[in-house]
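Multiple structures follow.
Same chain, two partners: chain A is paired with chain B first, then with chain C.
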Partner chain A sequence: MYEKKKINWLFKLITVIAFMIILAPMIVIVIVSFNATEIITFPPQGLSMKWYANIFAENSKFVDGFLNSVKLAIVATLFDIVIGVLASISVTKYSFKQKGLLISLFTSPMFIPSIAFGFVLLQMTASMRILTPFLKILIGHIIIILPYIIRNTLGILTSYDWTIDDAAASLGANPVKVFFKITLPIIKPAVLSGALLAFLYSFDEAVISSLLTSAKFTTLPVQIINYMEFRFDPTVAAISTILMAISLALMILMDKFIGLDALTKQ
Partner chain B sequence: MGYLTIDSLTKKYGDLTAVKSINLKIKQGEMVALLGGSGCGKTTILRMIAGFIEPNAGTVSINGKVMNNIPAYKRNVGIFFQNYALFPHMTVIENVEFSLKLKKMKKAEIKEKVEYILGLVKLEGKGDSYPRQLSGGQQQRVALARALVMEPDVLLLDEPLSNLDSKLRQEMQVEIKRIQKKLKLTTIIVTHDQEEAVSLANRVVIMNEGEIEQIGEPGEVFNHPAHPFVAEFMGFSNFMEGKIVRKEGKEIQIEVAEGKVMNQSYDRADELAVGDAVVLTIRPEAVLISKTEEDGYAQGKIVNMTYKGHNTMVDILSSFNEKVQAINVDMVLPKEGESIYFAFPSDKVIIYKK
Partner chain C sequence: MKTKKKILFLALPALVTLLTVFIIPMIYTFIEGIATDKLDFYIKFCTDPFYLSILGNTAILSVKTTVLCLILGYPTAYFLARTQSKIKSALLIATIFPFLISAVVRAYGWMVLLGSNGLVNHFLMAVGLVDEPVKIMYTEKAVMIGLTQLLLPYMILSIMSVIQSIDSNLEDAASSLGANPLTTFLKVIFPLSAPGVVSGCTLVFTLSMTSYVTPRLLGGAQYLTVSTFIYSQVKTAFNMPFANAISYVLVFAILLFQVFSNSANHYVSKKVGGV
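Here is the complex of A and B:
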């Protein structure tokens, strides 16, 4: 019994240290964002909200960047939910040759360096005048975030019992009704958890966006990089604090509606 | 003209022919069992009737209407799946009312029908549970209720009792029969269990490798199997090959091995002639055994005994080197290796021409 107690104590210590390593920088950022001085210092000297005010200042483009990033992430995620769910169903419900190849192809964007992918996309789209910077970045994001939705959806569909769909058909449901009343509601938790990951990745993406960006359209991560080239004050810490709060809120909402275990259970 | 007519139905998967030109006519309100081992094509037939797969040739018609090219959701064929296939995200009531809601029935009518059917399968008070909260037997009754509530033209049951323990099995057998009779449903039940088939169905269809071996009433297929294959499936054993060497009235003599003959009295001896190569079979429980030599009994040696609770399976090696299996209920048996006498009663033996 003594031995067991000792191990328990050791594990507790390791867990606490691990969490401190993960959480400490975030806590520092939150504290720094309320710092009164221009130079980032720790421990903080004086309390101030001026960096938060700075985000929303008239000449600041952070709000525009934030809205652009949200718009981009929402459109790309919605688009990929449709493609991802249909693609996942096609490779799980039907068996055909080269099925494995198709699955690899669907998930391959995960393994291509985004700098290389961004460069290719820049080359390809440079001469296409009809594509606005928004559309260029959107195409890039649609491709790179697709694997997150497909992998999650495939996870649940590989163990999906298709006789359930047959049962619904025998009860009088046409294929459209089977999909919306049976298949989709059953796979929804996995699709949503994949969509959340995809959304966050798109929102956070900086490499492809910075290659394809223009003065008229910048995303928040690009805006932050641009800002930091000239100034190094706690405004970025204030933005980071807001973003962390939003992420936390999304997680809590997700947990409330579909359960966080859907995120880890695949 | 049957209510459900299957006409030269064929299904091929690549080189494999799963169902070979099957013909079957089922009357309205009749319950027919498709009986066969795994891979005999019985489930494939069911799936073609339901409309999940299209046949390569032949037709399925219900009430005179050809069903080919009519999608599953327009056929009004209720199907019960072996794994139940309940909708996991819906409660019992939502599962059962699914088909009624699709028909845009009035709320009050739906409620009435759902309540009636849940009463019929004895699931009152379970309406708001989710399938995962129910026991296997309860889930099964939900699946049955869901298929019944749509008032199908044809009801298909795919191995309905295979996942249940023996007590629940008995109960459900009675239930299914009762409900089927009450609603006068034209029903096909697919099973690999001959007892289930003969106790539930009005007619039994025995299948092997995509073909029908025999169609008949339960008593007929159970007691007079048409081929040795059917006989084996219906629980016959003690298959012995031989040649008829002598025949006098009902008394025939079969040579089962070089120089070894067996005398057997057979009621339907007229169908046989001297020189015919034959296969003889009898159920193990019909074999008579005795510790002492009696008239008409042959001698053998006990090689193995398996105690099965209410009976004992006795493996005998006969004096002419044939293995004989007998089931003994209440006799005090000699020990293994000791001598025993056995006989085949003439009305229990079947002799097939090869």
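Here is the complex of A and C:
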């Protein structure tokens, strides 16, 4: 039993270290965001809210960047929910020969490095004047976040009992009604958790965005990276703290309405 | 016939989207690159030790990150899977929460911590381990620390879900038959959790090979990985054909690794008895 205690003790110690590493940068950011001095010191020399005010300063483009990122993420996520749910149904409701191929095609963007795909988009769209930077980045995000929605939806649909749908149909409901009244309510938690991950992935995405961005249109993550190249003051800590608060709020909402279980199944 | 039409109708939107803006452009750009420049830029990459060292360093960095995540992640996953402690749900939330936080934000936190004026250096000097600030930022160490923090939750969750499905009676059975805890762990628990270890390692290795934000912010121009090197070829050297060639080297390296890890996965699940 002495040895068992030793192993338990070691595992607990490593767990503590692991969570220290996971949480350290995030805790430090919150503390630094209230720092009174421009030079980042630790522990902070006095408290101040001026870095938060700085985000909204006149010449700061952070608010624009934030709105651009939100717009991109909303459009990309909504688009992918539609095509992703339909695609997931196609490969779970019916069984056919090319099913496996189709599933690997649907999740293929996961295995391609974003930098390579972003660069391909950059080359392909360079001569297309009609495409604004917003549309170019949107195309990129629609592709890379699709697997998140499809994987979550597939996860629930593989155990879905399609005879319920047949029952509803035999009682006279048309396919559209069956989908909205029966299928969708059942798969909603999985679709929503996939959508949350997809939304945040698009919102935080910085690789494709930095390749395709223009002086007129940038997203928030790109703006933060560019800002840090010239200045290293706690303004970024203030923005980061706000972003973490938003994510925390989303997570609490998610936990309240559908539970966090769906998120742990990566 | 009718079913086929239905399948096609449902799959079509996603299929058309993926083919037109993803699959076809990826293949077209690759073929076009070879058609215009033959293999010149691939040869340039593969014959120059400097370029090869970037690929090698990225692979070594990814292996180190994967090993570090495994060393830290396995015991954590085991603890989380088996504990009945009240803080379990708080720890689970702490594991999931980072998924929702931008890589930019998390790298920024490390920039504050690891700088020459940062908390880590203050601590090292206060304890007396070093006399003057150590250079951590813009080295492999900084990128490795950043990536470990970024990817550790993936490792923990992959392994945890497998350990949760292992019957804890097996551990009692082993010890009642006289196995000491270490033997029980090495002969029973670890082999049974191998599928989770393989999938966690695959995920962490792939994501570190292709990561861009963390190496850009913590490695900068002084410590290059394949991704940041491609970016610098595009945005500062304007050498598009070369960037194109390196992109596809990375793509094929990742696809090759996927094939390898798939067979590892297959082998392990077969040994464990199918999951």
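Convention: the second predicted complex is superposed on the first by the 247 of 266 C-alpha atoms of A that agree within 3 Å, B and C clash if a C-alpha of one lies under 4 Å from a C-alpha of the other, contacts with A are read in each partner's own complex, and residues count from 1 in each chain.
Note that contacts are C-beta pairs under 8 Å (C-beta built on N, C-alpha and C of every residue); 3 or more make two chains touch, one makes a residue touch a chain.
As the structure is a computational prediction, the values presented were derived from the model and not from experiment.
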| item | value |
| --- | --- |
| Fit-or-clash call for chain B and chain C when the two complexes are aligned on chain A | fit |
| Partner chain in contact with A:Q123 - chain B first, chain C second, else both or neither | second |
| Chain B versus chain C as contact partner of A:L211, first or second or both or neither | second |
| Which of chain B and chain C A:A18 touches, first, second, both or neither | second |
| Broader residue contact with chain A after superposition on the shared chain, chain B or chain C | C |
| From chain A, separation angle of chain B and chain C (C-alpha centres, steps of 10 degrees) | 90 |
| Chain C versus chain B - closest C-alpha approach in the superposed model, Å | 10 |
| Chain A residues touching chain C - in the complex, by the definition given at the top | 3-4, 7, 10-12, 14-15, 17-19, 21-26, 28-29, 32, 39-42, 82-84, 86-87, 89-91, 93-94, 96, 102, 105-106, 108-109, 111-117, 119-124, 139, 142-143, 146, 150, 196-197, 200, 203-204, 206-207, 210-211, 221, 224-225, 228, 232, 236-237, 240, 243-244, 247-248, 250-251, 260, 263-266 |
| Sites on chain C touched by chain A in the complex | 3-4, 6-8, 10-11, 13-15, 17-18, 21-23, 25-26, 28-29, 71-73, 75-76, 78-80, 91-113, 115, 117-119, 122, 145, 148-149, 152-154, 156-158, 160-161, 180-182, 185, 203, 206, 209-210, 212-213, 216-217, 227, 230-231, 234-235, 240, 243-244, 247-248, 250-251, 254-255, 258 |
| Parts of chain B lying in touch with chain A, wherever the complex brings them together | 50-52, 71-79, 81, 83, 85-89, 98-99, 102-103, 146-147, 150 |
| Residue ranges of chain A touching chain B (in the complex, touch as defined) | 161, 163-164, 166-175, 177-178, 181-182, 185-186 |
